[in-house]
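Please find one structure pasted underneath; my questions will follow.
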Amino acid sequence: MASLMIESLTKRFGSSIAVDGLDLKVREGELVALLGPSGCGKTTTLRMVAGFLPPTSGRVLFDTEDVTRLPAHKRATGMVFQSYALFPHMTAAQNVGFGLEMRGLGGAERQTKVEEALRLVRLSHLGGRLPRELSGGQQQRVALARALVINPKLFLLDEPLSNLDAKLRAEVRVEIRALQQRLGLTTLLVTHDREEALTMADRLVVMEGGRVRQIGSPRELYDAPQDAFVADFVGRCNILSGRRENETGFRTESGLVLPVDTAPNERDNANAFALRPERIAIQPGANGDLNGAVEAVTYLGSQTEYHVRIGREVFVVIQQTPGADEPLAALKPQDQVSLAWDRKAPRLVPQTSL
Amino acid sequence: MTLAEGMRGKGGASAKAASPGTALLVLPACLLVLGLLIGPMLLMFRISLNQFSPTQLMIEAFSFGNYARAAADPYYQEIILTTLGMALLCTALTLVIAFPAAYWLGRLQSRWKSLVVIATLFPLLVGNVVRSAGWMALFTREGLINTALLKAHLIGEPLTLMYTPKAVVFGIIAVVLPYMILTIASVIESIPRDLEDAAANLGASGFSQFWRVILPLSAPGVAAGSILVFVLCMNTYATAVLLGGPRFKMMAPAIFDQFVRGNNWPMGATLAFMLLAVTMSFTIFGSIAFARRYRAR
Amino acid sequence: MLAAGAPSARAASGQVVVGTWGGDYGQLLGDLIDKPLLAPKGFEVLQDVANADPRKTKLLAERQSRRGSMDVACLSDSDHYIVAATNVFEPVDAAKVSRLDKVFPELRTETAIPHIYSAQVILYNENLVKTPPTSFADLWDPKWRGRVGLADILYPANTFAAALAGGGSASNFDPAEKMLMELRSLDAKIYPSNEALAAGLKSEEVWLTTMWLARGFMWKKAGIPLAHVVPKEGAVAIVFEASVPRNARNKDGGFAYLDAMLDAKAQIAFADKMGYVPTVSDAALPEDLAKQVSLSEADRARLLKPDYKYQTERSQRTLDFWNKQFKG
């Protein structure tokens, strides 16, 4: 395994710029996720790391080796494609063995490694099947085995879970993460699914418009987003425009003053108030500092989501679903409620024009 | 089922069964084939069993004598071999020339793509005869090639280009190339690009990507294109006559000779069926061999 | 093939469908016969243009039909014989074709009128051939190795010439086979069409050929330096004829057309334009034209008529030999 270093990587397509001066280091054994909306440059970045696309400028290094000009087939990365890209005319075992064959590994040794790799993804019994005879999940595991069996310097995952159904996705997520940690794989994961990124990555890179918005651990990004875009992209968030009123308050554009401890938010250009929905407490009855009316109650199983209007602002509140006999359980639209939160919970961040 | 569907296909085979009403949609095509192909062919077969008479055109008979005579005639044996050899050679050359172009076309992502496709089809808009006439202008002793070479003092005597098998090979390839290119290009188009990237990612060089992934996956296109082109080559008429000259013999002109110059319909029909039989057996044999090599998908 | 055959397109009375060659011949028919002679009589002429072979095939194929697609069929004398043998054509007599009495008797047949005729001669390049051949047999002189060109489509005439050169006759083509094989070993060149042969003569690829005098006349007019000799063995006549099929829809129109084809003025115009000689006694050619396209009295005496019966019965052998041995 190697570390990955990306230095001022830039890719232009004609007059449009897909990746704009990206710097990133992925340490050996680390899983870094590139997260962003489609068109943010995350896939282009991954394709440049794999060698499928030549960068316009900048460098890509595996450890200290500059691979920027190295063709894809000499880079020894193991990639799992969104489509899995299994060779439809080869059996699962032949797919897994392809990379070994290209490395000139013959006969018995190849066989052994293929069997090992298939065992690793629990597909030993299906090696003789063609891809189309396998389920989506099985195909995905063949793709994993195929990428890993060549002992890659770098493990590249391009939206690896997006073609799986929700239940399977959660399982495979855990499985891949466990495998990655057990084998110590230096991994670059591209995804637009924040949940996937948060649960799998050691560090996240939030990208937008070809640039990095923020790099950090999932917790850092979730709790301390640097701007409204990151706040919104890594999780649900109440984001209200306005300005700092004083050390304990933020005035929204509609004039509502919200409690916040501004000390940790010493940013001059902070013009947005960001608060995660689960950090808001809700009480029946209009007897608090911030009173409003319920607009909607959405039952989500273990959690319940409330939309509460205070003046012209609507807050999203997510709470553990109350027991049937608790007072909250009876809340319905038009009911009066009061909201409250820890002053340290909100962040004041720059609003990003999107 | 296209390859792309195959990739996605959990339920590729579960295509909705056509309702009885939709079956009617194939009726006009079926009637046309039945009326204009099967019918005349049966008639022709009947004629091939008749006996030729120079004065009465033919005498009703029921004998395979014409077949026996044609098959035993070294002249026709040679024509069949020439025809077969030409068809195989032209198909192979066409395949080699067409594949790179087809790959390029199949992978082309440009708003001009439809224009390129039309440009590929363009030669088909020009009839065989007109096209061959153009080639004649190029190939004759006073043609463009000889004039240019003579003017450049590269040759002292005009080269014999017309009425050579080489001229026919060039001519045929020019005619059939678009069929091969478009057939293969449409299959290449359906091979996901990801597969080439995946192969490269696993260490396959450009050649290995082609040999191990693109070629086997384009096999259906190669097979379809080759069969189409082979059949066209086997039935070459105008190109063989106009560029090959009177001494060059292929089956279609020989059949024409019997029907029209000799007025010998029974022999013409016999030769036509022999051509059909050879073409069909090679096509079927080739398809089976091909399917074995690249597993039927 | 069904160029003009659609029944609904035909008026009941005035339309005449003429199966003819295209090119100059069809054009001249239109200019000299259809428009000036037939149109005033209320006939509308439709040309069904094709080469002789498809026309022959069509006539043979249609002979069982009650109504055919042609009212007039133009064919060479040899082709006419083959088709007429299957009883396809109406007899021609003076009652139906009034000008028949002007036709040279030796050119008359039961079921056709002779429209124009010419003779098979030797053409040679007068610049390159210093001592012209005097007979077909002279073409076999080794000094002309590689310089004799033949048109593939004229294989029956070429075979006839070879037979005469080898001592055969209109009724004996046997010597032709040996002679043709000799010519083959003398590198005779074969051209797929008359036009290709003309190009070969023009480019001096070949210097000698055997051809209808009329075509030689045309080629000379086109600037190819050619002269002709009437071979000692005799000049084979070629007659272009016209007939009315038994199943013609407009027989009256057909015979009117045949009559017009014998018109003296039209015949002279054909001679002037195409080099074929009139078939009627009252069409005198201007002197210098006559010199170029007509045979002298002495040569006319050597005019040979094919033995159609023999030729037809041998046709398959002639074609097979030409294809399999000579060209093979």
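So that you can tell them apart, the chains are marked A, B and C in the order they are listed, and the count of residues begins at 1 in each.
One rule holds for everything that comes next: a contact is a pair of C-beta atoms (placed from the backbone, for glycine too) under 8 Å apart; a residue touches a chain by one contact, two chains touch by 3 or more.
Treat the numbers as computed from the prediction; the structure is a model and nothing was measured.
Once chain B is left out of the assembly, the remaining chains are joined by touching only within these groups: A | C.
Taking the mean of C-alpha positions as each chain's centre, the chain lying farthest from the centre of chain B is A. Computed from the mean C-alpha positions, the centre of chain A lies at a distance of 89 Å from the centre of chain C. Mean C-alpha position of chain B lies 38 Å from that of chain C. For this pair, chain A with chain B, the centres built from the Cα atoms lie 54 Å apart. Interface residues of chain C, counted against chain B in their complex, comprise 53-54, 56-57, 60, 82, 85-86, 152, 155, 190-192, 199, 203, 205, 312-316, 319-320, 323-324, 327-328.
Those residues of chain B that touch chain A in the shared complex are 3, 6-7, 9-10, 12, 192, 194-195, 197-205, 208, 212-213, 216-217, 294-295, 297. Listing the residues of chain A that touch chain B in their complex gives 47, 50-52, 71-79, 81-83, 85-89, 98-99, 102-103, 131-132, 135-136, 146-147, 150, 156. Chain B contributes residues 52, 54-57, 73, 75, 78, 140-142, 241-242, 245-247, 249, 254, 257, 259-264 to its touches with chain C in the complex.
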